[in-house]
Amino acid sequence: MTMIFGIPVQALLGQLLIGLINGSFYALLSLGLAIIFGLLRVINFAHGAQYMLGAFVAYLMLAYGGIGYWPALILAPVAVGLFGAVVERLFLRRLYDLDPLYGLLFTFGMALAIEGTFRYLYGSSGQPYATPAALAGGTNLGFMFLPIYRGWVIVVSLVVCIGTWLLIEKTKLGAYLRAATENTVLVQVFGVNVPLLLTLTYALGAGLAAFAGVLAAPIYQVSPLMGSNIIIVVFAVVVVGGMGSIMGAIVTGYVLGIAEGLTKVFYPEASNIVIFVIMAIVLLVRPAGLFGRDA
Amino acid sequence: MTDITETIRAEKSRTALSVQAGFLTIGLLLLLLAPFFFYPIFLMKLLCFALFACAFNLLLGYTGLLSFGHATFFGGAAYFTAYTVKSWGFPPELGILTGVVGAAFLGLVMGYLAIRRQGIYFAMITLALSQMFFFFCLQAEFTEGEDGIQSVPRGQLFGFIDLNNSTNMYYFVLAIFIIGMLLIWRFIHSPFGMILKSIRENENRAISLGYSVARYKLGAFVMSAALAGLAGALKSLVFQFATLTDVAWQMSGEVILMTLLGGIGTLIGPIFGAGLVVTLQNYLATSEFPVTIITGVVFMICVLIFRRGIVGEFYASWVGRKLGFVYRR
Amino acid sequence: DGASDGKVKIGILNDQSGVYADFGGKWSVEAANMAAEDFGGKVLDAPIEIVDADHQNKPDIASNIARQWYDTEQVDAIMELTTSSVALAVQAIGKEKKKIDIVTGAATTDLTGKACSPYGFHWAYDTHALAVGTGGALVKQGGDSWFFLTADYAFGYSLEKQGSDFVKSNGGTVVGAVRHPLASQDFSSFLLQAQSSGAKVVGLANAGLDTANAIKQAAEFGITQGGQRLAALLFTLAEVHGLGLEAAQGLTLTEGYYWNLDEESRAFGKKYFARTGRMPNMTHAGTYSAVLQYLKAIQKAGTDETDAVAKQLHEMSVDDVFGRGGTVGPNGRMIHDMYLLQVKKPDESKEPWDYFNVLATIPGKDAYIDPAKSGCDLVK
Amino acid sequence: MAALLDVQGLNAWYGESHVLHGVDMRVGEGETITILGRNGVGKTTTLRTITGIVRARKGKISFGGADMMLVPLHKTAHKGIGFVPEERGIFSTLTVSENLLLPPVVAEGGMSLDEIYELFPNLYERRASSGTKLSGGEQQMLAIARVLRTGVKMLLLDEPTEGLAPVIVQRIGEVLKKLKERGMTILLVEQNFRFASRIADRFYLMDHGQMVADFPVGELPQRMDTLHRVLGV
Amino acid sequence: MAVSATQTNATPRVVLSARGLRKDFGGFAAVKNVDLDVHDASVHALIGPNGAGKTTVFNLLTKFLQPTHGTITLMGTDITRTPPDKVARMGLVRSFQISAVFPHLSVLDNVRVALQRPNNLSTQFWRPVSALDRLNNRAEQLLASVGLSKERDQIAADLSYGRKRVLEIATTLALDPKVLLLDEPMAGMGREDVSVVSAIIREVARDRAVLMVEHNLSVVANICQQVTVLQRGEILAEGDYATVSQDPRVREAYMGTEEG
């Protein structure tokens, strides 16, 4: 068998694939963060909580409403998006004129409150959520056993990321968004309802997080804590990528997922810090991040 | 755009100064007498966190840098002190010194990386780096993992004051707290503090006057880290253990809350903030209500309608203005 | 004599809002209340009062509360004490203040080893007992080659070390181990490594959500279908409930208690269920037992004075639904039987919470460290 | 002539600094008005206050009979006001045609895309390149062209000739004249009053946040002294 | 207006020079191929239409921006890769197009902050602020020289725009720079301030080099010995004001409209 650094190529391929799956979550989450940041200048600390909410709403729909995975994949992000819209209307809106750090602090508090509430209501050991029947089982790829659901995650996350990218780069709504990112006031003077646009953007970002959450539900335990650790890693991903472009957020997400996956093979002890280490190196070499535009 | 560090104008009126002096005297008296009325361990904890919050505020309130990683210095110093005192038999004063130096070193490393970016990025980077430090502490041998370093002896201060006596310990903590506060005060009102202030006011202008802004920020970061370390080192002696909670990111969040609640950029605000948070946590522990929810909600309310914090609101209030305090942006 | 201050007050100090909220949490408080009621609500004519606090997994808060309870609120004993940092800190305070603590929520053997206290007791389980159960007993069942998935911190290491010791001493082999970071959501990389190792048993030397996620993903990657067995070193009924039988089936684990063991345990389980809506795991039942035994000791001692009660606790045998003839060693370790359990397939489960098949009973003396070898300096 | 825009006693602030001190101004339907004034007297602020960008304001603004003080910013355009800002505000992440198509159409009667490209052939050639790659003159044309599509009744232009080569200044002058012929009402802020005098019907002279004089183009020769004094030219 | 006083120097020393300067912003060249020599004891004007790249050139020279190509030399030292604060310490100090004061400090403190560094009073964190009192004399001198003595204790934010610019210049002078770069120092000033500042600049340039961006052509004509005209990032013409203002290309690009 061919070996690379003492690891069979076959195993390596498997690990690369797994890295890509994790990267799918990073990409979806950092994409949402980037969209929100781009327009609202808010670092959405509650992104992890919204990811968790997505998974939880899917769980609750199933447990109490008998609504299965497929409808939940749409309904849960919509529900969380609506919640996001309400939050934006009632609270975030009041912070736009202030130092962006206040937005960070507010969403931080919100993350605590949401997580606390779910821990209070549902405990912390997590809730079960089964893989949808259509995607159960797995296939043998020769070099690894790939659960079909994991394959689905890669495909659907790519589709959603590219879809979002197209939405922003190629549509009228996207043009409004991009323009408003550059000069909010002017777009408003032209007669575009920017306040509404801001609400929609936050809802979209929150919805993307929730979508990632629903995708995660059959893989990870649906637990109130599932978002709080991943969000810090996603922050590091964002620092590495730099808040320059939507594409940047997506690409960095996948690449760092793979980097982390490889570390799990070669030096598993470091796999939880590898992204932070990469972040430190990037900061030394390119403080603006790989795709960042600002100096 | 409103800067997060709304500042109090340097020259308060004479009345304000005398009111302040009055408050200070009363405060000091209360602190001296407090152990006769309150539970000393609780008071010591309060002082430790108050010092921690003030150290944090030194950075946020006076240089405008929001660090989301101060737990690293607080908890790191706690580990260093606990370890050297317990395993190497250092006397308490030397143990605390080790903690402070260690924290300053951590501050130097983290600061060196983080000050390359500003604002929210700075916050995210410090958060990520402190998470890295958390994992380090979790995995490192000397921290004894989730057990923590337990049963740390308080020892004899200068070889003759027995710190196991809780009254002695209290006055020792109080003394350190006051020294820490004086240091912060001196630091803010020093030539160096003046430069920090001007950097915060107009960074580009400061550069064009030849100040290497990065170094001044790094200097402030290290000082803040060292003082946070002082608080952490002290805490490890008070409670006689050092554990992972002190290096976790939630701790960084708490110190932000304390500062925000008390009043960012006010010298004494964080003391009130720390007092409130510590009391609240203690109270909530035995109540029915879950702590995280309350903490989160308090955070949200503070940011939305209470940004100046307790002390800041007082300065800006009718009474405060009558007394001659000036609070402006 | 009698109760010193007119009442007997027991404090339940544990995590009620964090990671361990299901493992013990408010449910343990309920178990304590139940024990007080079952005892009759009074001891030596003094009313029994249960107070509780949420230490939020912060040793300083725990320590603060413990001191205040002992010093100013006349709490006579503190129990549960989930997570080892808290248990160790509070036990140190109890030792200094001559107060009783009974730990049911923490795992570290240090509590009855180098950190032991004449007034400290360790009641429900410890890492050693878990390792003996899952590691030792499973080898006898044919699971003789192991691969460990270990949480990368001291707790994980000690589970792995003790586990592999028992695997080896029972004639099994350890073919490999991989250390995963604490709280890593994704285990697939590690599971693939376990899969390709060809070991018969994949031992999970971790806890809580990590274990749950590893089990869930193991099912996804077909680890058990492939003929490998999953064995969790610390996992209880509460977490199996959270995971669901679909994902957890076939998992082997060790607990100090199972409600569906016999008539007696069923009766207790039903009664507890009626109050809480869930069946007890070993922490909950252990807390019940600890409170009950403490009250019995006061009764027998005729006082709630610490030394006298501690003496009784060390001498009396434990005879309740949890302890079942357990004894307490001079180091404070309560020695009782443990059970090697296997999670049922969904169609085997006949009623809610009917989750386990009992594979073996591990006698207390095998499960726990001989007090003489515990390293506790109270043992002469 | 009926006043399309009627501004009375308009005050405006940036934070604590008081910039407009009671501006009075009337613009009739179809009129072309130029505001003259030194740097920093508040010309830009006047336009920004009328559009509603500056919200810290007091006084009366009515447009086509509607009270503009209560209209939210994103509704100003729908009332019929189009704005060409001083800094032009070309979006760099958008292409020229995206920039052009960005402002929503608010009323009938705007120019079609073809008409616009006919007016500005350069823009047609560069329609696919990104906004900021244009030269300053082209950017200015794009900024004007952008609002022509939307069907607004009145244009507010802030120093459209600033820093542009004479050829382009001339061209912009022609465009404005054409618009005028089509009945567009134009409010122009300009320091280059030679340019302004060729197209304006009336002038307002601004100083210290107030209108200090108001005269039709015919009186320009008599007013040169005042102009010299106020403008410092 | 006579500007001969400083022109009598046969060969004034070049203190700041740039060769082949270029700056790209994401594919767009804001400055290209700029060669510039600034001479000691003279005032050099940089003019050109808006967006020509004047501010960008300033940012490049003062190292607030890193050039894409080209070299910059300050008094014989290559500073192409030197950080901006270091360049300032070497004696090249700038003002900003938008007034740059420390808004919440008093006028006196604004100047004292500038004086702290040359007097080694900037890193002491253990001394009280009163240690800075020994800078007061010098600070007051500077304020007097620009006519700001009366405003000494006012908060800078409360000054009028023109006075802020004057304060900015006083602060800059506190550093006793060898080369002074002023970006539109007169913009937004009243007439009195314009003549005050003109006089100051002329005074200052007796023994220093001054490079300034200025739109007010009468000021340029009055006080500048050398004029460089920039257009679309490139040098269009160079020379003394009389020469430059007669250049047809310059007239077309910059002043042309004056012909009306």
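Chains here go by letter, A, B, C, D and E, matching the order in which they are written, and residues are numbered from 1 within each.
Operating definition for what follows: a residue touches a chain if its C-beta (ideal position, glycine included) is under 8 Å from a C-beta of that chain, and two chains touch if they have at least 3 such contacts.
Chain identities (UniProt): A, B = Branched-chain amino acid ABC transporter permease; D, E = ABC transporter ATP-binding protein.
Since the model is a prediction, treat every value here as computed from it, not as a measurement.
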Remotest chain, chain A as reference, centres from CA atoms: E
Between A-C and D-E, the pair joined by more C-beta contacts: A-C
Distance between chain centroids, defined by C-alpha means - chain B, chain D (Å): 53
Centroid spacing, where centroids are CA-atom means, of chain A and chain C in whole angstrom: 36
Distance between the centres, which are taken as Cα means, of chain E and chain B, whole angstrom: 42
Between chain E and chain A, distance of the C-alpha-averaged centres to the nearest whole Å: 48
Where chain C touches two or more other chains at once, by residue number: 17, 152, 181-182
Residue numbers of chain B (touch at least two other chains): 135, 139, 290-292
Multi-chain contact sites of chain E, meaning residues that touch two or more partners: none
In contact (per the touch rule at the top): chain pairs: A-B, A-C, A-D, B-C, B-E, D-E
Chain B - residues contacting chain E, complex: 7, 9, 186-187, 189-195, 197-198, 201-202, 204-213, 219, 223, 328-329
Of all residues in chain A, those that touch chain B in their complex: 37, 43, 91, 94-95, 97-102, 104-106, 108-117, 119-120, 232, 235-236, 238-239, 269, 272-273, 276-277, 279-280, 283-284, 287
Complex contacts: residues of chain C adjacent to chain A: 17-23, 25, 152, 178-186, 188-190, 192-193, 195-196, 208-209, 212-213, 216-217, 220-222, 238-239, 241-244, 246-247
Complex contacts: residues of chain D adjacent to chain A: 51-53, 72-78, 83, 85, 89, 91-94, 98, 101-104, 106, 146-147, 150
Of chain E, residues touching chain B in the complex: 62, 64, 83-86, 88-89, 93-96, 100-105, 109, 112-114, 116-117, 121-129, 131-132, 155, 171, 175
